[in-house]
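As written, the chains take the letters A, B, C and D, and residue 1 is the first residue of each chain.
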Amino acid sequence: MKNLLLLGAGRIGQVHAKNVVARKDARLYGVVEVNAAAAAALADSTGAKRFDTADEALLDTAVDAVLICTSTDTHVEMIVKAARANKPIFCEKPVDLDIKKVDACLAEVNKTGVPLLMGFNRRFDPSFKALRDRLQAGELGKVESIKITSRDPQPPPPAYVKVSGGLFRDMMIHDLDMARYLLAEEPTQVFATGSVLVDPAIGEAGDVDSAMVILKTPSGRLAHIDNSRRAAFGYDQRVEAFGEKGMLQANNPTPTAVVATTTTGQKSDKPFHFFLERYAAAYQAELEHFLAVLDGKAAPLVTGDDGRRALVLADAATESMRTGKLIEVRP
Amino acid sequence: MKNLLLLGAGRIGQVHAKNVVARKDARLYGVVEVNAAAAAALADSTGAKRFDTADEALLDTAVDAVLICTSTDTHVEMIVKAARANKPIFCEKPVDLDIKKVDACLAEVNKTGVPLLMGFNRRFDPSFKALRDRLQAGELGKVESIKITSRDPQPPPPAYVKVSGGLFRDMMIHDLDMARYLLAEEPTQVFATGSVLVDPAIGEAGDVDSAMVILKTPSGRLAHIDNSRRAAFGYDQRVEAFGEKGMLQANNPTPTAVVATTTTGQKSDKPFHFFLERYAAAYQAELEHFLAVLDGKAAPLVTGDDGRRALVLADAATESMRTGKLIEVRP
Amino acid sequence: MKNLLLLGAGRIGQVHAKNVVARKDARLYGVVEVNAAAAAALADSTGAKRFDTADEALLDTAVDAVLICTSTDTHVEMIVKAARANKPIFCEKPVDLDIKKVDACLAEVNKTGVPLLMGFNRRFDPSFKALRDRLQAGELGKVESIKITSRDPQPPPPAYVKVSGGLFRDMMIHDLDMARYLLAEEPTQVFATGSVLVDPAIGEAGDVDSAMVILKTPSGRLAHIDNSRRAAFGYDQRVEAFGEKGMLQANNPTPTAVVATTTTGQKSDKPFHFFLERYAAAYQAELEHFLAVLDGKAAPLVTGDDGRRALVLADAATESMRTGKLIEVRP
Amino acid sequence: MKNLLLLGAGRIGQVHAKNVVARKDARLYGVVEVNAAAAAALADSTGAKRFDTADEALLDTAVDAVLICTSTDTHVEMIVKAARANKPIFCEKPVDLDIKKVDACLAEVNKTGVPLLMGFNRRFDPSFKALRDRLQAGELGKVESIKITSRDPQPPPPAYVKVSGGLFRDMMIHDLDMARYLLAEEPTQVFATGSVLVDPAIGEAGDVDSAMVILKTPSGRLAHIDNSRRAAFGYDQRVEAFGEKGMLQANNPTPTAVVATTTTGQKSDKPFHFFLERYAAAYQAELEHFLAVLDGKAAPLVTGDDGRRALVLADAATESMRTGKLIEVRP
């Protein structure tokens, strides 16, 4: 039975809290959340202990590990604190939006040897995981190209956009990680372009809401990523891998297997609305993996270095869009 | 180059005429059609010779073979005439609605040795043919059950219903033939039931518009057929075969491969509207097969005996529905 | 927080136990299981109290409700005990294989007014539930026919077959309930036939392993059910509803949304292997519903009378197969 | 009845010849083909008149229009000859691989006012045409992005690659035309990259066999094209359009609608093998459109200018790949 300390009880923190509660081998031991009402509600419903600060909580020797779900700008501070307290860390993506801070943070973590699992949850999605496993098993032979589509159901508020680091660091970073994961070779060239097609306010906030990226690896493997901040039909999350023996596609799963055939056509469900529904199983599997890491039964599937490399690609995409140039990346 | 004589230039006759015209190895040599305007139109557009009567046309030694597309009640007469004139015969289903007339007619044909191909066009549909070929190739091992769905886009006029011989002889006969074809063993038990759910006028005409049938063979293989005279979405023609190694399904093909994903779901095309569209390729393949029969390169895939056996099952289904009893059929 | 008493900790009992443990509003308070090792294992892993007998457990006033997952032949006894102890009851299907015992049992339950929820889990499956809800909402207009396919991955052992009550009472009873549920009108005519196609030992045990049934309601609605004790590809559980405005189909959901396109075709996952995987969400929803019943927020969606009526249809099907006759059923 | 003159009776010339023969409103009047055996075979089977040269044939006043299916390097010469002879022209893509020659050629054609239809056959594919029509009808609202996948079943011989103009001009030009067609706005920015992943001999011939391109229009619409010279499963030709109201996808049609469900999954057909099968209906519709152009009932759907603009994009893509730079295109 592992005692987990939750730092940050916002939307995603509550997802993890609920998943912890449903397990027999873990307990939501403590919670730190600046919003007092949210903290109290979570403590009440789960029996978790409330701590005022992360520092205080990390002094509690009963804490076995930490789940960092605070706002992005505090991740580095929390990771470093937890590492120094020798607590294994799960941290939502990203480590930070600034590569220098990321480097400094990971250097601290490396000194301590504390395991760090970064929350690229999509690696744990049953369909994407199956696709990756089948690629690894050689079903397509040599992989030649990857295509990733990732569209959110609706655009974020402009206020969020301003502090988000931009579409590439905030949204596409998931896809850049997935591309790295599936290409099985580090991309070294990045071309990106983007547009404001969905919401002019996003443009006024200095960002784009629609973007396309091409990645290339030293051996010539190609990847394409396509992002939009708004899909009328919900959360669009698909992957296509192509290789010498054919193609593997992970399509959008649907809530039910019902098909209606009427005068207008044959209609199946639209995709799940957003990440909480689509990736429900992924979050559970992610937590299970973290517990296996705590037990020494697995190494983190997504390391701090993975987080860093995805950010390097996101930075390169941002620069490519700004300059109109192909950007070379040192792996 | 075969010279074909078309008897009857109604809807289905025109389908065959058009397919003949498109071939290099056959010519629409002559046409007999009581509707003078229709006869003239077809002769004009194809260069076919008009004959006033079948008797007159069959005297023309240039005629290589006959396509019988007249009304059902004249099939026997036309078949016998053509057989006596020693012309190979393609005849639209059925031979006749009366089993005694069928027997007499086939006896005449057999005396002459003239090839007779019955127009169970669905055997030539690419999807159903592929399913049958794969069954024959052993893909499912031993076949255990067959399920057939067959629904028309809209009900026929009550006047037609009255002379149709009833749903089982008029509509389900196609499915009974398909069941025989796929079971690869003659059914010997028939249970049928039906309802008037679509159009009360059909009930007033003494028929049903919705029906279900179960067939059983001596070795215990089972088949189910489901008919409706009306499907809001068009022509519903599907087959499912089940065996020890799994299942083969022939679904409804669609006009295009376009899928729309919007706020209401993921929508592909509805099925083709009716038999002219759905079975366009089947009619072409049927004609090609008939020409191969004429060339002595193939034996008729659908014989007069096949037509007879389907009618025996339709008669049994009609009796079963009337009596509420399971009917035993001698194969 | 409801305290639930589990009677019977076999395969299905453990499914419910696990689902209870995962909830915040219920507790696995006690367990009665004749297999001491199984009882101890469950008590250890869940903290449930062990009782030697149902009688003893039902005396415990802390017990809020009972989950009956014992063998079929003990259901009546357990239901009656629980009802007399005034404990709301969830009972796995069937009430009993003998309609007289069922009647007597339900009479006892009715006297007490204790809520009884029967475990026809498929009504809670997200796809089947969505299909039913959409029928109820009038998406198809008037329902005209229902088709149900239900095939198990592999046949049960002959020893089980002998005490099972036969395929219609043991396996098809789920489908008969589903047919009733979707037809929205009680079937009054039943025709059934069956064969031994899968395993001769099942025939030697006096049963069939493949069966087809047709049901008809007073207004003429038709239903077809198709069962096999073995599907090479796993658990085949599909429903098709047809009405004046079109068709709704609930197909087999799959573990992932991955499609492989290679030299042999385009291949998606096979269906889930068996009921534990396929109906995992259904069992959770069923428990949630039972808890809502306990809270007085819902009436049982599946009543004892539903269990009784499904058995009446199963009995009629058994008789129809034996006699080869259409059986009339009084609703 | 239009008399068509076929210039070039190679693979694609024979496709058109066969489609002409099947029509009632057109005749294959004449053929010019340097390969004497091929010319004779076609003349024999169709009754077409053989001419030794295009010049001689164009003097025949019975010729109503010309189908240019000769090798690419002769297109300009043939187009100019036909235009000067005042014969309406259908020409297989491209006009030429050299933009200067294209400009000069189109200037000549424009002087004469002779209609010129370029053979971008995919615009006539039922699925792509339906997708385009639905976009035009506003089904997605404003179009934001287009994604096109185009993969051949196997790579061409290196000898062909050397004279092909390179992948962008030879293969992707179809997709560049489709992107223009669907974006409904001229792309002005092109980024391209490519690799040799399939066949080293293609690299030795100075070309790539795998490529990705991003296009952008002035209003910010984005398009992505993905090409491979080899797909193990056949001809992969798909389009996805995304807009404010959702998504339209044109998937690969398949030969049959059969699905096999076995121990390894649910398997449908692979796509058609190559363009002759996949685009059979497109070639027929293209010819029908050309005949409508001849009748003055339609303007050419694909003009010489369309051919020119696709080449401009292909040239830009070629330059982008060579330089690693984003290329600006003047529309």
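Annotations
In this section, a contact is a pair of C-beta atoms (placed from the backbone, for glycine too) under 8 Å apart; a residue touches a chain by one contact, two chains touch by 3 or more.
Source: prediction; values computed, not measured.
Of the two chain pairs examined here, A-B and B-C, it is B-C that is joined by more C-beta pairs in contact.
Put simply, the chain farthest from chain A by mean CA position is B.
Centre to centre, using the average C-alpha position, chain A and chain B are separated by 58 Å. Chain B and chain C, compared by their mean Cα positions, are separated by 42 Å. Counting partner chains per residue, chain A shows two or more touched chains at residues 232-233, 236, 245-247, 260-263.
By the touch rule above, chain C contacts chain D in their complex via residues 232-233, 236, 254, 260-271.
Residues of chain C touching chain A in their complex: 21-22, 24, 45, 126-127, 130-131, 134, 139, 245-253, 255-263. If you check the complex, the residues on chain C that touch chain B are 142, 144-145, 147, 149, 151, 189, 191, 193, 195-198, 210-212, 214, 216, 220-222, 224, 226, 228, 230-233, 236, 242, 244-247, 324-326.
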